[in-house]
Amino acid sequence: MKPEFFTLLRSPAIWLVLAFAATMPLWLPPYYLGIGVLTLIYIAMALSWNIVGGLGGQISLAHSLFLGVGAVFTSALLLKFGINMWVGMLISAALAAIMGVGIAWVDFRFKLGHLSFALITLAFAEIGELVVLGWDFLGGASGLYLPSDKGDLLAFQFGGAKGYFWLALVIAAGCFLVNFAIINSPLGYYLRAIRDNENAAQAVGVALLRNKAIAMAISAALTAIIGTAYARYVAFVDPYLFASPAVVIEVVLIATIGGLGTPFGPMVAALLLVPFGELIRGNFGGVAPGLHYLVYGVLIVVVILSMPRGLVPRIMDVMARRRAS
Amino acid sequence: MDMFLQSLAQGLLIGSTYGLISLGMGLTYSVSGVINFAHGDLLSLGMFLALACFTAFGLDPYISVFITFPVMVAFGALVYRFLIRPLVGSHVLMVIQLTLGLTFIVQNGLLMTFGGMSHRVPSKIEADLILLGDSVVLRSALAVAFAVSVALAGLLYFVLTRTDTGRSIRAVHQNAKAAALMGISVDRVRTLTFALGVGLLAIAAVLLTPGTPLHPSQGLRYTVISLMVMVLGGMTNFAGILLGGLLFGIAEAFGTVYVSGTSGMIVPYAMFILVLLLRPEGLLKRRAS
Amino acid sequence: MLEVVGLNAGYGPVNVLEDVTIRVDEHAFFGLLGANNAGKSTLINALSGTVAARGGRIMFDGHDITGLGPEKVVELGIIQVPEGRLVFPQMSVIDNLMLGGYSKRARGQRRQRLDEVFDLFPRLAERRSQMAGTLSGGEQQMLAIGRGLAANPRVLMLDEPSLGLSPLFVQNIFKALSDLHKAGLTILVVEQNLHLTLSHATRCAVLERGRVVVEGAGDELRNDPNTRRAYLGL
């Protein structure tokens, strides 16, 4: 672990931001608190995806599988077998990690490369959605309803939006830390080498399968945990939300707009775009459904064509140039 | 046995159209190295254009295709010229991300224009049936789809192998620098093939429209189908792609008939994974163009 | 006929050519010599329009053609036979030759040009429907030259035609080039093969690190100490 990691932990700014965020449930009106929970969940998703997609440069669209495992499978375990959601969450995280390793193996075995990887993970995601829709154990097309939330922490119930805000804050901060830890560890260099040139990385002795599998497993397990929390928060496990690749594509777009490779890009982009999208949806959802997604789409096109590395790296460049002159 | 023949015929017919859709994608990929993740959404756009032509002018989709085809070709050319071309030569990830963004634009643009309900585009022939022998009953629309898809594939094959335009497309695919030295404008060929690939979607859209409910969110499914068919076919092998389309259509038809409910829809995907594991380089090993 | 005046060109941050000036007269057999990385290919690519000129001018028949794209240059009859041959491997010999005559300039008389190519290289005629990728290296070079001739060239520019070929094939190729030259074609050949080029070319220039260091008739250059230096780094 490089010293930067510990510098970050000692940085007062980080703790101030966290402390400020932690007070938000105490004074934010309920509507905005709901947006806050959603924003934190998206930050967490974008950050956990960034481990594979940003650091490793592999556009995985199979993350809906992991989100689905965490949300749908954990809920099914509770409803069908009475398995506690904490335990279920851990089982799902382990299962997601194994699936992630499996996908990394497929990638390695067939030398997929960036393009085919995106393509085949999308096919996997689509299969996952069909499995959920077709299997009654997982709720089928009608979804699963979780028992009402009585605020019983032992049963993974966090009461209302306040409790879930704090839960999501912890998860998002955890995802941020994991990102930062990976960037400042050997795994981080290897992933970057693999992203930039897989063949060259392999030629200098970077173990492709091992590093991709580790990154995939970490990313998948985190995504599954987010899935469980998200599902418990909304209490209705909608297969079209939790098992569809659409949500992952949204996360990919958000992360890309922010700028991949550092944890800051995906985080800042989610922080800006999710509340923005929710506000548009709240105000124009009736007359123009989908407007906020249309805006995302336009933004991504503009960002890719005008600042290919993303918003945050671009802003940092500009600021650095300001300071220099 | 009747059911077997029925589903085989049904699968072949729809599969030919899948092949046609993927052919557009494969053509673009082989010439520009670009995979368009918005391919299915552009197909969806074609279907909704047919719907718009019906609602506005009462045109049958088989007629309005003469309007939607040129519109889609022009749209494809514009998308290529202003969005994709600036990225040719940069990291492949950027094109993936850009076209994913395009997915959002098209899908939600359609949602905002046509609303979230399912739509139908009626056609004169949609209720017509054809009897094959005494056991196989087919919708005429599917037979038309098959005939048109096969004819277009044949036409495409003829153009690619027998005309200067076709040879120039294959030349850019095989070696862009050498193609430029022959006096071929590589940029024009790439724009043309992308536009043509999108134009083919206008035709495929009409072939799929009769009897299919339209919904703005359907695009992704078609993107996945065409991606899988393309991988089945070996990415740039045009005969392989057509074969992959047929195989996918047959697997889908068998899945629907023999496996109950939604699980049946998994059959073609399972077949895809199986083929991928057994023949990772695609159905036809030989690389042809 | 073809004149390069003070040309600068390169890739990215690297300037490969610096202030290069050469003149290829009509009906010349011009040999451009130099070691690896001397800038020979860059020069020929700048003439073809696949590398942009950063300074200087390229004149053809007294017209400034600097900055024209490759497809325009081809229409003028300035045809390149690229290094490494770059035949279209998954197309038949005849389709490769048809593509050679793709330009408007050549399209009308394509059949006739093809017959001439088959007269020059009978071996190509035998293999007309074979895939180009399955030909031997020497046959591919014949095909690449044939493809260039199908474009109805006024100047035929060849980039390292001897590369990777057996000595016998190299002799054949240069013999064919000499015949074409005698029939009136202007030829610009870029080579590392010093002796072969000096003995066939009517005029030669030697490039060293992006500059012309010697220019003259073949025999003059053979004994010029600069030629040796450019080659051996002496």
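Lettered A, B and C in written order, each chain numbered from 1.
Operating definition for what follows: contacts are C-beta pairs under 8 Å (C-beta built on N, C-alpha and C of every residue); 3 or more make two chains touch, one makes a residue touch a chain.
Source: prediction; values computed, not measured.
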Most central chain, judged by mean C-alpha position against the global CA mean: B
Chain whose average C-alpha position is farthest from chain B's own: C
Euclidean distance of C-alpha centroids - chain A vs chain B, Å: 31
Distance between the centres, which are taken as Cα means, of chain C and chain A, whole angstrom: 55
Chain centre separation in whole Å, for chain C relative to chain B (CA means): 43
Chain B residues within the chain C interface of the complex: 161, 164, 167-168, 170-171, 174-175, 177-185, 287-289
Chain B-facing residues of chain A, complex: 57, 59, 109-110, 113-116, 118-120, 122-123, 126-127, 130-131, 133-135, 140-141, 245-246, 249-250, 252-253, 256, 288-291, 293-294, 296-301, 304-305, 308
Chain C - residues contacting chain B, complex: 48, 50, 69-71, 74-75, 79-80, 82, 86-91, 95, 98-100, 102-103, 105, 107, 147, 151
Chain A-touching residues of chain B, taken from the complex the two chains share: 35, 37, 83, 86-87, 90-94, 96-98, 100-109, 111-112, 115-116, 216-217, 220-221, 223-224, 227-228, 231, 261-266, 269-270, 272-273, 276, 280
